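Both complexes shown next keep chain A, but they swap its partner, so chain B is in the first and chain C is in the second.
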Partner chain A sequence: MIELLFVLFAAVALGSAINVLVQKHVLYSSLSLILLLTAISALFVLMQAEFLAVINVIVYAGAIMVLFVFVIMLLNLPADEDGVDRLRWLKLLGIPMVLFLLFMVVRTVWKVETDAPAPQLAGTAQAIGASLFTDYLLPFELTSLLILIALMGAVVFAKKDL
Partner chain B sequence: MIPISWYLILGAALFLLGMLGFFLKRNIIALLLSVEIMLNAVNLTFVAFSSHNGQINGQIFVFFVLVVAAAEAAVGLALVIAMFRNRETLNVDRSNLLKW
Partner chain C sequence: MIEYLSSRDFLILFAKMITIFGGVMGALAYTTLLERRIMAFVQMRPGPNRVGPFGLLQPIADGLKFLFKEQTVPGTANVLLYYAAPIVSIIPALLSFSVIPFGPDLKIADINVSLLLIFAITSLGVYGIVLGGWASNSKYPLMGAMRSSAQMLSYELSLTLSVVGVLMIANTLSLTDLVKSQQGTWFGFIPKWNIILQPVAFIVYVLSGIAETNRLPFDLAESEQELVAGWHTEYSGMKFAMFFLAEYANMVTVSALATIMFLGGWNGPAFGPWWLQMALPTIWFVLKISGFLFVYMLVRATIPRIRYDQLMHFGWKVLLPLALANILVTSFFVAVL
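Let's look at the complex of A and B:
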């Protein structure tokens, strides 16, 4: 049953990732990326990381992707113009190379002998919060500084004249 | 119980798709979206290892990756707006003032 769910969500994730790449208009690409994020969140739930699944939907799909869609609609973009000539042979070369790399990764991962899985651990808000506010307190506080700097940077870059 | 290698292979495939998009797309917003795909592939791998080893640290790291992704998206999109205002295009091949 769980295997079936994994295959379902993995197929959704891969399909929407491919759709992100083949769409001509970035708006459709970003909508497809939201589907990818939802599938990833479902996979997090399968691995019992419930808190991260919720956070992924709220922060990623709810905040970051809304920002993307907002900017795309603000700029009122035309569909992608087809690129320069050099892209044609880049595609011919790039896709087989990526497939080859994927083959090598799969072959390597397949051969690895892993230990028996440890007893299941539930990534609840309680478990994450306890670790975040004891072992990772300093990095956690520093991220607030990072967010503040990013906020100011975004305002400075996007403003027409200061 | 799903073997961890399934998750690793899915993560690798998603990462490679993001990489392919980053190299082949010319629209700067599409490049940012490809970076988001890659970040999510890495997050998936982190959570897979965290769940496999029974340690919470990997999930904490995903939390920080989310924070950095939010900061990156905010600054990146501000740069996109500035670029569109100055160059009237989002094609990265057209922004070549520093190229000689």
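Let's look at the complex of A and C:
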């Protein structure tokens, strides 16, 4: 049952991820991205990380992507047209990137120890909060500093005369 | 852990799903009638009272009318998204009932982050409005959709932050545990409800809840004097009805959350024979929700709509600082006591 659900949601995630890239219209791309985020949340649930799944949906699908869609609607962007090959040589760069990515994926899959027991309660709000404020305190604080800087930058851009 | 259900458990679960879904859908249909009757009462006119005794068959007549109406699609609309938008709107609205505990045993799923799950699901509901407004490809729906997305993002912030104080006191994210933490009384007569400990959070929550469901005085997204009907101007028939039901379902969800977090959920005095004692928690819960819905309708009937800049100022400069201050004060007391 769980394997079946995993295959289902993984297929949805992969399909929508590819759709993000191939769609010509920006709005369709961002809608596929929302679908991708919800499918990944479903995968989190299958790994019993309900808190992560829910936070993923709240932050990305529920807030950030709404802003994306809002801006797309506000500018009413038309669909991309064919024939713009400004990025012709960049496409060639894709081949080594894909090979590198494949190499990393294969290495990661080989390294997983399947017999290791899943840590109990790893996905609860309590466990995540505790590890954020003990083991990962420095990255956590640095990230919040980064967000604060971005926030101040946005205010500076928006206000012409401060 | 993910457990496998036996066939008997599955049957019980299925029965619960049917009960809750049927009950909620029926209640939603009659909430529309109730709203029209109460507004008529406030405005001193009879309201819909012709179909059946006291107009009780009006929701059924409305449903039939929606089914048989002509399905119009604007010629310049994006057809795929135009059809998808009402579905995107109603699915999250109904999905959130899967974790709301209507009584000690009457709930479909009980997960340890059910409160956050409801916030996550309802935050997806905005896409129905946004897509509906955009896909109609016409002026007023687009303006309504843009207003609504900005409004819902702004008020979601204070809605979520207002809850944090309650969560710090109850120390849980599960709706069932939230209700259980409010059992009992102080001094024998004051119920141990969070509204007494968190009055500011309650006010912030209710106000942002009204804004979040796009209801008057915050219904800028569909303000009929300026935008015809806002984001659902181009919708008719059952597609319109889905938007309509989603709005009412969101109202019930917000009221149910307010009841669970601030008014003790299904807690209430128990008395009478055993069959009444079994039904009483659900009755208390439904009564409290109805109280909230009644306030919603009175507010709609009596308070005029505010301007858009006032709406944004109110959300960002009044409600958000209030919610943050409430978190500060609450965390101080939680740390000291």
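Quick note on the criterion: the second predicted complex is superposed on the first by the 115 of 162 C-alpha atoms of A that agree within 3 Å, B and C clash if a C-alpha of one lies under 4 Å from a C-alpha of the other, contacts with A are read in each partner's own complex, and residues count from 1 in each chain.
Methods note: a residue touches a chain if its C-beta (ideal position, glycine included) is under 8 Å from a C-beta of that chain, and two chains touch if they have at least 3 such contacts.
As the structure is a prediction and not an experimental result, all values here were calculated from the model.
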- Which partner does A:I95 reach: the first (chain B), the second (chain C), both, or neither? first
- Task: Please work out whether A:F51 is in contact with chain B alone, chain C alone, both, or neither, and reply first, second, both or neither.
- Result: both
- Task: Please indicate which partner A:A125 is in contact with in the superposed arrangement: first for chain B, second for chain C, both, or neither.
- Result: second
- In the superposed arrangement, does A:L137 touch chain B (first), chain C (second), both or neither? neither
- Task: State whether A:I34 touches chain B only (first), chain C only (second), both chains, or neither.
- Result: second
- Task: Report for A:M1: first if it touches chain B alone, second if chain C alone, otherwise both or neither.
- Result: second
- Message: Output check: A:V66 vs chain B and chain C. Expected answer is one of first, second, both, neither. What do you get?
- Response: second
- Message: Under the stated touch criterion, which partner chain does A:A150 make contact with: chain B (first), chain C (second), both, or neither?
- Response: first
- Task: Mind sorting out which residues of chain A both chain B and chain C touch, each in its own complex?
- Result: 2, 46, 48, 51, 55, 63, 67, 74
- Task: Would you pull the chain B residues touching chain A in the complex into a rising list?
- Result: 1-10, 12-14, 16-21, 23-27, 29-30, 32-34, 36-37, 40, 43-44, 47-48, 50-57, 59-60, 62-64, 66-75, 77-82, 84-85, 90-91, 93
- Message: Per the contact definition, I'd like the list of chain A residues that touch chain B in the complex.
- Response: 2-3, 6, 10, 13-14, 17-18, 20-21, 26, 29-30, 33, 36-37, 40, 43-44, 46-49, 51-52, 55-56, 59-60, 63-64, 67-68, 71-72, 74-75, 77, 80-81, 83-84, 87, 90-91, 94-95, 98, 101-102, 105-106, 109-110, 112, 114, 117-121, 123, 127-128, 131-132, 135-136, 139, 143, 146-147, 149-151, 153-158, 160
- Message: So in the complex, the part of chain C that touches chain A is made up of which residues?
- Response: 1-2, 4, 111-113, 116-117, 119-121, 123-124, 126-127, 130-131, 133-134, 142, 145-146, 149-150, 152-153, 156, 160, 173
- Query: Residues of chain A touching chain C in their complex?
  - Reply: 1-2, 27, 31, 34, 38, 41, 46, 48, 50-51, 54-55, 57-58, 61-63, 66-67, 69-70, 73-74, 124-125
